[in-house]
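Here the structure comes first, spelled out in structure tokens, and everything after it is commentary.
We call the chains A, B, C and D, going by the order they appear; numbering starts again at 1 in every chain.
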Amino acid sequence: MFVSNSEEQKQEMLSFLGYKNIEELIKDAAPGIGKADFDLPAALSELELQKHIGQLASKNKKALNFIGAGAYEHFTPAAVNAISSRGEFLTAYTPYQAEASQGTLQAIYEYQSSICALFDMDISNASHYDGATALAEAVGAAVKIKNKNTVLIPAALHPHYKQTLKTYFKYADIKFIEVSCEEGSTDIEDLKEQLENTNVAAFVLANPNFFGVVEEVDEISEVVKEAGALLIACVNPLSLGVLKTPGSYDADFAVGDGQVLGNSVYFGGPHLGIFTCKKEYVRSLPGRVVGIAKDKDGNRAFVLTLQAREQHIRRERSASNICSNQALCALNAVVYMTLLGPEGMVKVASLNLEKSHKLKDLLSKEGCKLKFKQPFFNEFVIECPKPAEEICKELANQGIAAGYPLKEFGGGFENALLVCATETKTDEEIKKFAQIMGGF
Amino acid sequence: MFVSNSEEQKQEMLSFLGYKNIEELIKDAAPGIGKADFDLPAALSELELQKHIGQLASKNKKALNFIGAGAYEHFTPAAVNAISSRGEFLTAYTPYQAEASQGTLQAIYEYQSSICALFDMDISNASHYDGATALAEAVGAAVKIKNKNTVLIPAALHPHYKQTLKTYFKYADIKFIEVSCEEGSTDIEDLKEQLENTNVAAFVLANPNFFGVVEEVDEISEVVKEAGALLIACVNPLSLGVLKTPGSYDADFAVGDGQVLGNSVYFGGPHLGIFTCKKEYVRSLPGRVVGIAKDKDGNRAFVLTLQAREQHIRRERSASNICSNQALCALNAVVYMTLLGPEGMVKVASLNLEKSHKLKDLLSKEGCKLKFKQPFFNEFVIECPKPAEEICKELANQGIAAGYPLKEFGGGFENALLVCATETKTDEEIKKFAQIMGGF
Amino acid sequence: PQSKLSIEKSTEGKKGVALPELCKEASKFLPENLMRKEKPVLPEMSEFEVVRHFTNLSRKNYSLDTHFYPLGSCTMKYNPRAYEAAAAEPSFSSAHPFADANLAQGTLELMYNLERGLSEICGFHSFTLQPAAGAHGEWTGVLIAKAYHAKNNDLNRTEVIVPDTAHGTNPATANMAGLKVVNIKSGADGCVDLEALKEVLGPKTALVMLTVPNTAGLFEKDIKEIADMVHDAGSLLYMDGANFNALIGLAKPGEIGADILHLNLHKTFSTPHGGGGPGSGAVGVAEHLAEFLPGPIVVKNEKTGFFTLACPGPLSIGRVKAFYGNIAVLVKTYCYIKQHDGDTLKEIAQNAILNANYIKEKLKDFYPSFFDSVCMHECVLTINKEKFKNVKTLDVAKRLLDYGFYAPTIYFPLIVPEAMMIEPTETESKNTIDRFADAMISIYEEAVKTPELVTNAPQTQPVKRIDEVSAAREPNLRW
Amino acid sequence: PQSKLSIEKSTEGKKGVALPELCKEASKFLPENLMRKEKPVLPEMSEFEVVRHFTNLSRKNYSLDTHFYPLGSCTMKYNPRAYEAAAAEPSFSSAHPFADANLAQGTLELMYNLERGLSEICGFHSFTLQPAAGAHGEWTGVLIAKAYHAKNNDLNRTEVIVPDTAHGTNPATANMAGLKVVNIKSGADGCVDLEALKEVLGPKTALVMLTVPNTAGLFEKDIKEIADMVHDAGSLLYMDGANFNALIGLAKPGEIGADILHLNLHKTFSTPHGGGGPGSGAVGVAEHLAEFLPGPIVVKNEKTGFFTLACPGPLSIGRVKAFYGNIAVLVKTYCYIKQHDGDTLKEIAQNAILNANYIKEKLKDFYPSFFDSVCMHECVLTINKEKFKNVKTLDVAKRLLDYGFYAPTIYFPLIVPEAMMIEPTETESKNTIDRFADAMISIYEEAVKTPELVTNAPQTQPVKRIDEVSAAREPNLRW
């Protein structure tokens, strides 16, 4: 299947090589192998595959979704996929031969530029795997820069991000300390206290944090900077249409997951790791980055640059082992940002504020209790009258994905549910959901 | 919406033209108009449109389909749409500037060639609207060539094709006479009798005919030719993988609907009119045709040719008024044929035979009565125990599109149902349908 | 190197697609004398080779997505990607035209509302969505006119009056419908000469076919007067709405006197042209002509909201093609009208007109405009013959390709010598038009100073200038 | 002309997309001190302008769909279009990772069966689908090895042995995981020198990382012996399966001694590379390592057939990224394995090997092969320095672009001077390879006779030869 040689061509080639049959060639190329048995079902033709995939897909039930929690349903203009599905983007490799890859290279340069503009940061790489791994790279860089072994993370950091950090630094001499949460926000007093520890390399500021709460970024930054630690912002890129930018509160590194910028939720992947930093940390940048160069005629051209940091050159002395990143997701993101433009980015973020607050108002009206009072972006925590997991199970049967139950956050969170409403929700849908929730 | 000028640019352009506002310009360009009132709903944003279309689409119910009757559900390899959705094909105009349109032109040339190969005919045009209108053009050409005013059509011609012919020649001095049907096939004795009329210009041979029956093409051709009339074949292009080709039985014109070659059923359109003829009738060819030319360097190039026949040159003296055809559907067809190749075309046609005969066998086993005994391709007529329309209504409620009721064919057809099984039907689906039908 | 045909890349034994296994050969089901003898001569290639072949072919095209396409009268405007996605909905594309109405309520509702929407936008009583293309719609319209006169027993009306600024399809269509074409010359201003019209208008006139705006890019300023004259003479007024983007939102054809209008949905209503189709040539008519429309037509049960396809009445001209129209195209049109209201419809026409006049004005010192008047959606320019000497309009067109622009429509309308018909459409912006004007001016300078640069163009395309006549001499139309 | 950036095409006030109306401003919901002050500096363009901008950008790329892409070690093989269609299924793309398992049975079943399928194909006990790319998978594998030794309290095993023919990611990964890299030189035959291995293998060895086939394009002929040595020394054997298309169907890594293997699904399993990702770096392990795999993992209730995500056991290395892997990539991989059985899997490797050896043999008189042996999926060639004088491998690579071919991987592996690593993959055919060989031979002749043609290449690309060093001097990485 998909082998392009005809049987006759194979024979011609074998003859040219002086072999009678393919087995002889394989024996010379890889002595001792060639006889594996497989317990696999019969191969499907494309028609059969289409039917099979259709059946599998139909086992996923269409749901009215109010879950966010790190993966957000947003509107993607049709032009985004129309562009990124073009064969010239889809089936190109990492742009090593720059002259024959100016399309991908310029698109990445525009991605880097747009991300820097959105984040107000100096430098962006060409992309990372996802928000969690981008955060891990930033933490690793901060620890190296500061040569200190303690990193403060907020209690209200995405649990998957916490777990990923733990895995990344499992065998490294790094201590993670959680700064506690007070009424849904980072407890600044606790933060101050922890910062008195002189081993602290950095604080990770999640904004909005996992509870949807918008943090007091200026105050936090001041406290962190005063203590001489680095500030790593971990943000929702779409929220930056209305929320303060990492650059404006002096973040040293700012990361996030760019799924929200024109990429599908897709059960969690592929998403898009965004990695940005201040200019002075450019040599800590993991992965690929595109820069401007000149061609022989002196014209502007785009190339992968600063490759000396990378594995194929430095091998075991490289900054990171990353090669493949999420280029196509980054392409989706830059097309999305270019379509929306400055106005659109503000508007879509504002719509998220509006819809989530409408949901909050209607839920309150229906008697649901809000857990926290702080400002939020597009999701927030409610207190259910019974374990949130039970409610989610019940609503799933009605075709509603109700939210993310927070019981793993321990005491006081047994009945807490994180709910989200983005610009994709109509007023009718929000009303319907609020009414059902009010019925519990 | 989709206007590309910014407000500021509009003002700049107006100033350049010496106008203060757009209304003044419009007044000069089109005096007396500019004030229309519209009773239209509020304009939708793209997000709202996506939702609205999703809702509309969901009002079409997914059905297990056994209807053919001129529009056939077939397997289309995914590569077909991947290619024809490329902007360079999708958003190009008719290739007037040949040097900048070699892609479309070569693709059409390959379409013409592939169709000629499939049909065994000398010449194909670049496409026509659909099978019915292609047939009308062929009939018109035959009448002109023969300068006679009677055209014989088979009783078992697609009713829509009959109706379209009637409309096309409503005000022309052309007489259509139906040759009767005997046990589902053209009654050759009746054909002979009608051909004794010296005014007959042509006979339209539908193969398979509307009842799915494969006709005795050689015998029919002999009779027609002997009488000095032209033979117009109206065929299912996909069936030509196994059925005798129009060229092999000396058809003068051969037409058909190319929907079956990689195009969706799409509630009846866009489909693809295929128009072919013998070399001697090339000047009767309606619409566009691509030929090979030389460029200045003597290299092969493709151009629209024989344009002298067309309306933008000849105006009222042109052979036909057609300009836009179904180019993108023709592109789908040529990609489809190129993917399948000679072997694939034979195989897919054979699969249709196999599946429809499996359906026939199972229906017989379940006690359903076949109306005719002749060979058929992928559809055939059964006798239901009650009006076929009632059965179709009932099955529609079970999500089954059961077939095409034939009551318009008059006496004896009240309970007749035309059913179809293409290569897309699994043995399980066929079995399920047969069992349900057996239950009546 | 010369582009290879697929058949020239063919290698025996290759397959481009895997099909399910076959249990029985065709000969088990068919008598031998009805069977094909030899396999068709088609290319044998792998899927990969086929995809690469056609992908590379596509790259030899200029297209709207890649280049400015100022092709006059063709309205090459942007085709929104959301509409492609909508049309690709499997629920739409897989619906069978003969399925029970219960199974196709979505498609039927869409058709119904589109027909209502177009009627509102154009000021007509009703629309048929059946015609497959503009010319097909024209022919449908002419048949309607014939049916109208036939009903009135007004059988001597055998003539159609067509101004020389009409689209070429108008006379071709009239002729195809068995009517006699009476051509009239335009006035010096590019508009219908009322005197000339009066001269031929009479009891034999079945129809007057006006292209509005006409192919000179001009609005028929006397349209209302013309309509009155035509109606007074007992004739009907047909309006060719191929370029309705110049009028949309500004005027309703039904209100300014047209009895029949066809629209090229693949122009004004933003559906892509596909390299030559499929298009859609919807036809709108005033109330007195509604009963002649082709059928079937979608009707709504006002009580239940249920949609069905109804047979047309006895006066209908009948069916103009199989099934119900180019539905995939109609889905896109429907999306387009859902995204517009009265105000934004008007913006379309305003910007189409603004852009065309801006081009005309920018180029006036280099390529004179054949008509003085303010133009509508397109302008018709010509060349300065004295300065250009051997350089022709064709050369300018080919040279534009080297500058990265598609060429205007050339040598049309026929009444303008060395014509260039330039239509920017409203979806292009000043940025592009300025670049285009700069290129045109550069070419002007080349034509004057280094004409061989222009007459040897194009140099940047996959092939050099093609000798089109060579193709017609001994036509090679297939492998 | 120089390609413009989107921001250079920006015009104030333009919008590329219409969003729904906003009822309230953001300031109604947020205190001012938490709000953004200035809008981001992003381009302002219409949808049309954006589509045209990026469409034209795409046309400046070579890609698999348009050109032969013999990039060694990258396995640029055909990406079937059916898999793109499958991955685009809205039911897959819109499923939320935290939705109740009831709502996502399709995705979960697919993941489960894919994990079982890859295990069967590779001869392993189980697989994790979580890693986002090959290097991510390698790192996952190394962590598993560490966890294994930790469980055994074998804490002195801090070294990873890596031959110089390994992928560059191998040492980088080992280092990233805090292990010491011990490099060993290959033998003259390009394979692991058993003596050299013996010398460094010992109680400190945690892992031996073998790239099979190695970057010399060769099969490690002593793999079974190596595996025994490694296991006898108490170490684990890691196999880099980035180029598993050379082995697939011929051998199961789990059966020839590997304990851990990562696959680049975006290479062997035919998912597109997307200009740099997303890929997927699934990791398979033998039974004794299954408990260390990252979680969660999909489990099936054998009674009900219901699929759920289960937390991993206490020995798991934990989560390597958020959520569950690059599912869209996994859907395509799943399609690929559904379209293959044992026989067709073997055809993949056979043809990959046949094609590479055919190229090598065709070019042997012009570009000598650095190693004598019969190669696997790729061959490593070099240039004839005496004949070529000033012409370098880089020049040959650039000249290939002018001939319409992407270049091989060059200057890699590092152990081969002026290396060209050529991998045709099994989805290219003799037709293309012959054309490529002809081009290489032409370039050879140019290099000998008219070297400036080669050293001045490319001439046919959107830009001329780029001075890559200029970019790094004062990096310009954004507008």
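Here is the rule we go by: a residue touches a chain if its C-beta (ideal position, glycine included) is under 8 Å from a C-beta of that chain, and two chains touch if they have at least 3 such contacts.
Protein identities per chain, from UniProt: A, B = Probable glycine dehydrogenase (decarboxylating) subunit 1.
This is a predicted model, so every value here is computed, not measured.
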Chain pair with more C-beta contacts, B-C versus A-C: B-C
Rounded Å distance, chain A centre to chain C centre (Cα mean): 45
Where chain A and chain B are represented by their mean Cα positions, the distance between them in whole Å: 47
Rounded Å distance, chain B centre to chain C centre (Cα mean): 20
Residues of chain A touching at least two other chains: 1-4, 6, 9, 43, 45-47, 50, 75, 77-79, 81-82, 85-87, 423
Overlap residues in chain D, where contacts from two or more other chains coincide: 11, 14, 17-20, 44, 46-49, 51, 55, 59, 64-66, 78, 80-82, 84-85, 339, 427-431
Graph class of chain-chain contacts, one of line, ring, star, complete, other: complete
In the complex, chain B residues that touch chain A: 46-47, 50-51, 75, 77-78, 82, 85-87, 423-424, 426
Interfacial residue positions of chain D with respect to chain C in the complex: 9, 11, 14, 18, 46-49, 51-52, 55-56, 59, 64-66, 78, 80-81, 339, 427-431
Parts of chain A lying in touch with chain C, wherever the complex brings them together: 1-4, 6-9, 43, 45-48, 77-79, 81-82, 87
Sites on chain C touched by chain A in the complex: 11-14, 17-21, 44, 46-49, 51, 55, 80-85
